[in-house]
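First chain A sits with chain B, and in the next complex the same chain sits with chain C.
== the complex of A and B ==
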């Protein structure tokens, strides 16, 4: 059982400039936790602090309830895989994997057995004699992982391990990492820029911005219930659509209007219990898949309606054609089946499924949550 | 047809011109060496009668033998043999120590940065630009305090200190290109400061070590000023002895002996360039990690 707790951790490289602020993370044994966030938000800094390569300015790091905040990297039993692989160029693959074991004074035959085991696991046993410069990027990647696996550490840290690989190899290695995690049940903290990597690999995702964790949750939670505009826009590709709306009100209840340039106007009822006032400005968040070609069998569902929209531009991706609309002045992407044949400049009948609609406060960026649902009368 | 012929001729003509110029310039540069070598194999009579550039009438080793074993350098008349040994005994530890310390300095300054390490490097760099003459007096004073005045150890110390600026600069810039992450990985593997240095960083330093060794060897072997100021009598290096030999005139000037001694004094550095010169260029242009 290996749990890693990061409690109120902060980092200041220079006085007054805060890089990380009050980071709190509980990483459970065997969990695959992914840190995502834009460049410079402090992901690598946090990883280096967990590894002991960077000092901790405030807070505590606990490994199995033991305080390791100020322990030397070698005493933490944590291994790390770097973006540049950081293989020792002067050593062959065997020695790269064996180095940490030699330092720890393992007996020779045990080292040998361990290197063989790891090499088999990662299918690099035929490369043991080669120098890193004689390996392809993918092979170097495997060796770097092998080096981390060899010590059987308690926690693995991966700092953008796949970002130097080409697109195809990246997808392959992604699957491999996932398999490895399932097979070995190791505890992993993994940094990536790539939100698809984050969605596919993670048990939980922590989205960071400017040194602060914006949201921590399962991939589904992060995707469907983002805490704020930043998380909503960061996760998902193409990004969520944000449409400015104004709260209106009739006898039937409160609603917002979606107006197309061609005059189409749809009315969207606000969820009950949403603490908003009439005339308040809101940002409506709708994923591209909320707009689709009309599927008659779904039209009977609540919150589903249809209308004709003017298409500004189309971007075929193969399975879907991303179709650009303009609603309330904002650019909106719809995910439409190619069969619907969207044409730029023409009107297209579309179906809007508002069941996953989100509302954000335009000033704070926070998502507005419906208060306790009133019991159906 | 004609055009094609012209096209292939023009670059060849250009080539020819370039080579001719290069050969002419090289010849011009080599004339002094030519004169020195020829003169060293001539007899005194031959030198007086003949042309500077002409071949010897008879090839003799007289000048070489005398320069090595019996020529007078000031009061003693044992040739430059002993001073050759002096220089060797002084150069080897001075080169080894300044190179090793430079590597360690460079390692710290580029891979184990600390507060003020850039400033320290700046100050060290400044040392490269201090003229030799400026430090003579303070250095003499210091050597006196340390009880190392006029000793080989003292001279070694001076060369190590003065050479450190250059060796540190070389290694620091070379190590700058090493990814910091390699050091991080090694630390996570449990390696300490010196283990990382010996097992990872130093084995990668081949090219720059060649450069530093050649640079330091040439500089220290050829040094005259420190040698003449900080050593005396039997401890003097080769360069000082050569000067004494040339300036000790009892009667007729023996140019063949002077020239032979000069070649002997220059031989080790010439040899180093001949054997390792290509590593010098290669090392200066090489990065730590082959791409």
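== the complex of A and C ==
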């Protein structure tokens, strides 16, 4: 089937600014790949280059082992869904979907059958006579997807397709897109700046920053083992807590201390094989769910301990109450069950599960990995 | 005591309020009066005069539609009307064509676009008198283009449309297009800029070629701009007086006469005020015939939107 390879692709504008550098991506057939990053990270540029709407300065783009680096957009057999939907305002829904097929000189009855098929698939068959201006945002979004589907291209590109929708509709369409992908098994490259969209939809995520891919992996990998501080802070909501710590040493081994303003102090043993020295400054990364209300049945687990922390503020979200603590001077969010009744200004017994704790180098931002075999020394 | 205080405190506020209410009306009143008298009043007066046998001086006894009958039997009026149709049609058509082409070319993200835009738009800043005079020199066989080419050595070259009664009307078209196409370009450029660039990208991915994208998608989206451009251009065409006066003065003979010129000549120099007024009313009717349907569709569209 269809695979898309992006080899050493770079983009430089004439004024000297490098937008993309040595991008390497291998998109497997039927894969849902998401490019995610803050605005200006080059993800849309990369997508436009795949579509052929922007020239490639260096490197190669291969579609089914065929070089399409410099092919015209129309020769690539790639369809794209735009953020603004980009429906042709002068044509009705039927013609919007049929336009690409008419250009490709399909016979009339086949065009008709194809438009009907796509319209049924996306449940827009009652809207075919309407103009885009008479449709709601969600309906326009469906038509835009229908236009992409009708041509049965090899690869689908989605450029922030849901960001113009309101919050409720966005969640609905997100599910719809995922269902569509599962049903059709198409190859999709999807650009978004919304990390929740990336987590929920993707088979694999490429996190980009400043024209460089920071990490490529499955949503779970990206969430649990981020390569660096940027990926760790970008993925996950509320964001990961970063706590400055200093490595200390006793006979039992190396550990770091977590100190609260009220005097609570927890000691966290460093994983064996972590290449750090005593007195070295580190950044400890803990997801908000690492702090929770005390659950007695978990206390017996190896890396779980409890302590009382002073609550600075609470943000109830419904299922959880986000509770702000201050540890080692840094603001820390804890995800606490509302039943624990956290109150600002009061002390709250909390449980810390450090099994997913990550350590980062404060200078380079890279995650420090434990060596595969615990050091014998 | 308290009562007195509140009263004194309130008085300046009330004065301010009344002033606030009255001031806009006060400021608008003179222009309203001027418009009522000088536009609609004189329009009505001209309409009345066209129904009288006025010649050098206005007369006020009615003579029915006698002047209109004379007007329609007048050969010079018929030439003027035919000329207007020819001139107006060619002028509007050529202006739209040149303007749209320039706008599309300028929209291709070219360098020095700002400077070029100004250059194309600049003729609009010149009055039609200057345009007419300049083009009279350019087209004059013994002064302008023809002499230039002769001086280069091509003595067989001939370009004497200005002095040819059958062709002189086209020189008017040339000058008017030169003057107004930049303005049409600016209108279309603004329209083109208003079109979402991702629509064009989507059409490219659909496989459409650039001319096809413009023909099937972009230009149909600019339909309102077409309407506005035709509106503006057609009333320029009907009103055009200064350009003809400067370039051909209606000549040779009255071969390039236009209704405005006819009206001026009869009302003010030939002492046939009634006939002039009748021709003026015919022109007004022409403008209204274009304007009213346009305004109707425009306002109705607004209410629906």
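Couple of notes before you dig in:
Convention: the second predicted complex is superposed on the first by the 373 of 377 C-alpha atoms of A that agree within 3 Å, B and C clash if a C-alpha of one lies under 4 Å from a C-alpha of the other, contacts with A are read in each partner's own complex, and residues count from 1 in each chain.
By definition in this document, contacts are C-beta pairs under 8 Å (C-beta built on N, C-alpha and C of every residue); 3 or more make two chains touch, one makes a residue touch a chain.
None of the values given here were measured: they were computed from a predicted structure.
Superposition note: with chain A as the common reference, chain B and chain C are in steric clash.
Looking at the shared chain after the overlay, A:51 reaches both chain B and chain C. By the touch criterion stated above, A:202 is placed in contact with neither chain B nor chain C.
By the touch criterion defined above, A:191 lies against neither chain B nor chain C after alignment on the C-alpha atoms of chain A.
Chain A residues 48, 51-53, 73-74, 78-80, 82-84, 86-91, 99-100, 103-104, 147, 151 lie at the interface with chain B in one structure and with chain C in the other. Residues of chain C that touch chain A in their complex: 196, 198-199, 201-208, 212, 216-217, 220-221, 223.
Only residues 48, 51-53, 73-74, 78-80, 82-84, 86-91, 99-100, 103-104, 133, 147, 151 of chain A touch chain B when the two sit together in their complex.
Interface residues of chain B, counted against chain A in their complex, comprise 179, 181-182, 184-192, 195, 199-200, 203-204, 288-291. Those residues of chain A that touch chain C in the shared complex are 48, 51-53, 72-74, 78-80, 82-84, 86-91, 99-100, 103-104, 147, 151.
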